[in-house]
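Below you'll find the structures, each written out as structure tokens.
Presented sequentially are two complexes of subunit A, the first with subunit B as partner and the second with subunit C.
Up next, the complex of A and B:
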């Protein structure tokens, strides 16, 4: 079993009066893919947003309890959030490239984090990131074209390339394939398989089949609570909790 | 009682699959029992009917295969539904094999003389009754999702092995008395062996039911009787 990269203990999240997460205890293993599943509004996205402190941008949001990365308290108010987000990248539901060239989409992050000081270093980062995200061959001759000119699937791989350009340790993916066709989805899933050799990945997905295909561990959330977590194979063949079973078999009523 | 699927037609498809398997099971049970009766009573008139019922069983098998393929393609079943689907595939295979063995036993009636002595058939009859009871019990365990009952069937196969040994011995004793008995005695030996094999398929079904109910395979090896060990 791999080391624990992220550890949450009694994690609670409130949006104003509404509690969105209740005492979530969840460990994410290093260089493994953890899938988070559950009906809309169950708290899975809220959970991953705690990992890179995305909830900070919501004024009424309050987080209590503990969440750590390699023993470091993520919620520490003195923590440098910019450097946290350098270590924890994120990919969203809809591909959201910057309205800039393909090259600039990738080089922007390293630049603001003070990486790639020379042009050749930056070139190298762009090339490596695009290669790791399996996009290089398709775009190497058109790096100055706008990122938005790519297809949906390519844009999403561009966003993954952008996330890995700053050499993070963790990649959060919030329904990364929900706007993509099956081939583009398959390419992203293939990529996730490759990326997990280097990065710790958390993926929120509404597709059970995708969770089974890409993850080693699965957590099921319902109404802000982590109902069950375990090896993916066990969760989808023989879950312990009836609520998990009802959800994954399509009996949730 | 579990909740129903949000998609009603999915619920219906799964129920339809279970119904098909139960019907196939009950047909296999009657055929096994009829074939046994035919051997014990040397009833040559019933052979054709038994052979025909095997065709019905085979038709169920292909129907169930199609239902399973459709479920896998349309629903990508998970957890208990996945286990239900895969278990149906395995159970239907074992039932079909039991049907083949019953058919084979029915065919063995033809060369038997009408005046077989009781001491020759007594043990075979007991073996047949036990195997039929095992099949009834394992099908009950499937219908009621009863892990303990399935495990009981699994353990009881040891008795099937022992009775097979005893029944074989009676036939061989009889055979050794007079070489004229050789021809039909061989058929009786095969019929006995077929029942023992049917018993093995029943234990396979018992194992599948245990997996279906608990999601894990039975640990350890099945207790085995005399015939298997020697």
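Up next, the complex of A and C:
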């Protein structure tokens, strides 16, 4: 069993008057993949957006309770959000490369954080990130082409490379494969397997099969509550909760 | 008379609507058949058939009646022994005859005029009567035709569709044709102008003084006069003045408009937006003549005062005052267009940037603005084309002298100002001076057309990328 990297305690989230998460207590282990499943609107995205404080962007969103990373309170008002997001990267449901060159897409983050001061250092970062995201071979000769000219699957790997480029400890993935075909999905899953050696990964997915394939731990959300969490094998073989059972067998959701 | 006819046609066709509707209903009940369309479509069908032919006839008749009566009356007057040597005199006599008929003529009336006036009255009567008879004839014929169709249970819904389509088509045809007409008249007058003045003398001449060509028929110009005219129509000072003032305007409008657009799109809370957006749009609705007198009466003299205090000579009509006010006028365009463009940059791009730890201003500077750039450039180009076409402000505040200068404190002039100056007051239609206004108009038209085209391409390309 790996160390606990992130720990949420009684986490509540409100959008205006509407409560989206209720007392969520969830631990994420270091260098492991945790999958979050549950029917649409149950708060999976809301939960992972708490980990890198992306909910700050939404005016009406209010977060209470505790969420810690290596003992540091992420929810602290005085926390430097910029350096938090440097440590916690994110990949979105729809690939969202910037309308810049492939190279600039990757070098954007490091430049902002003052990493890679010389050109060759920056080149190195770009190359490493693209290699880690298994895209290097496909794009090494066309780094100055726009990132938007890549295929959907390549774009998503570019976004993963962009997340990796600032050397985070945690990577959050919100349905990273939902816009991709099976082959591109397989590639990303393979990549996730490789990445978990270095990073702590949280993945939201609607595909039970994907959760089984990539994750070691699975949490099931329903109507803003964490219903059950445990080893992926256990959750999918014999869950404790009837609702979990119903969901994974496709009886609702 | 025409109004009475219009009124009658309207009332009659509207009442036919109710008749058609109830008639078809009762037919379907009586004969126990299924109608081919809802009863109301039979109503529409009758209305359209009753009104359109009559209205078209009335329109055509009204267009041609005066022309025909006029030629008949002039003919009659000539037969009576009236003498006129050209068209103008004939027109004069015709106007007299009309005035006599209306009782508003107070000069001497000789027998020729009196006879002609009687003839005029006779023809007016005849024409009016036949008009009324014909219109009723047409209405009756078309109503009989359409009633027969209705009784045969025609597909009224489809027929109404066809008629409406025709109406819409004719409307758009009129819109297009009038535009084409304007363009062609610009073109033909310009061609006349360029048959006297060489295109290159016009395009590259540095001296603009069209008053030299005052009252001079293009066809009767002598070689010596031509030499003198040759360099009176140099376009360079005008385009220089126009661009200069537009440039000053853009210096004001682009930064302020763009920054306020960015603020509106990225920083302003929903509340602030809801209040300030309409306020900015009100600015865009202020008539330009208001800006014009503000520039001429307030800002111009103010600059001159300040200049005097500083020991500078500032003309009270200066490029600076005109450009500044024009810039203020354009701010809302740039602001609201760039606000729209920035707003349509997808949120996911911002999220992507925040997620690697960028701050808001870094995100705006490095992701949002570059993504929105084509659209922003497009909106700036649209603003430029407004600036060079703007007339009122420059007429009131920029001056008339075609100085070739880059001193913003001096007065300059613009293309639009010169067109106004040339066309106010009495005109000789054939003089190169008057025709030069058309040439200027054509040049301006082409310039703004190109700018608008490029701008719209830029904006559209940008839209395609994110929709």
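The criterion applied here is as follows: the second predicted complex is superposed on the first by the 252 of 253 C-alpha atoms of A that agree within 3 Å, B and C clash if a C-alpha of one lies under 4 Å from a C-alpha of the other, contacts with A are read in each partner's own complex, and residues count from 1 in each chain.
Keep in mind that, in the parts below, contacts are C-beta pairs under 8 Å (C-beta built on N, C-alpha and C of every residue); 3 or more make two chains touch, one makes a residue touch a chain.
Here the structure is a predicted model, which is why all the values come from computation and not from measurement.
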| item | value |
| --- | --- |
| Fit or clash between subunit C and subunit B when superposed on subunit A | fit |
| First, second, both or neither for A:166, with subunit B first and subunit C second | second |
| Touching partner for A:237 - first (subunit B), second (subunit C), both, neither | first |
| Subunit B versus subunit C as contact partner of A:52, first or second or both or neither | second |
| Which of subunit B and subunit C A:224 touches, first, second, both or neither | neither |
| First, second, both or neither for A:251, with subunit B first and subunit C second | first |
| More subunit A residues in contact [subunit B versus subunit C] | C |
| Which superposed partner A:209 touches (first subunit B, second subunit C, both, neither) | first |
| Partner chain in contact with A:153 - subunit B first, subunit C second, else both or neither | neither |
| Subunit C versus subunit B - closest C-alpha approach in the superposed model, Å | 33 |
| Doubly contacted subunit A residues - partners subunit C and subunit B | none |
| In the complex, subunit C residues that touch subunit A | 269, 346, 348-359, 362, 366-367, 370-371, 465 |
| Subunit A to subunit C touching residues, read off their complex | 52, 54, 57, 59, 81-86, 89-90, 92, 94, 96-100, 108-109, 112-113, 148, 159, 162-163, 165-166 |
| Complex contact set, residues of subunit A against subunit B | 208-209, 212, 236-239, 242, 244-246, 248-253 |
| Of subunit B, residues touching subunit A in the complex | 2-7, 10, 75-83, 214-216 |
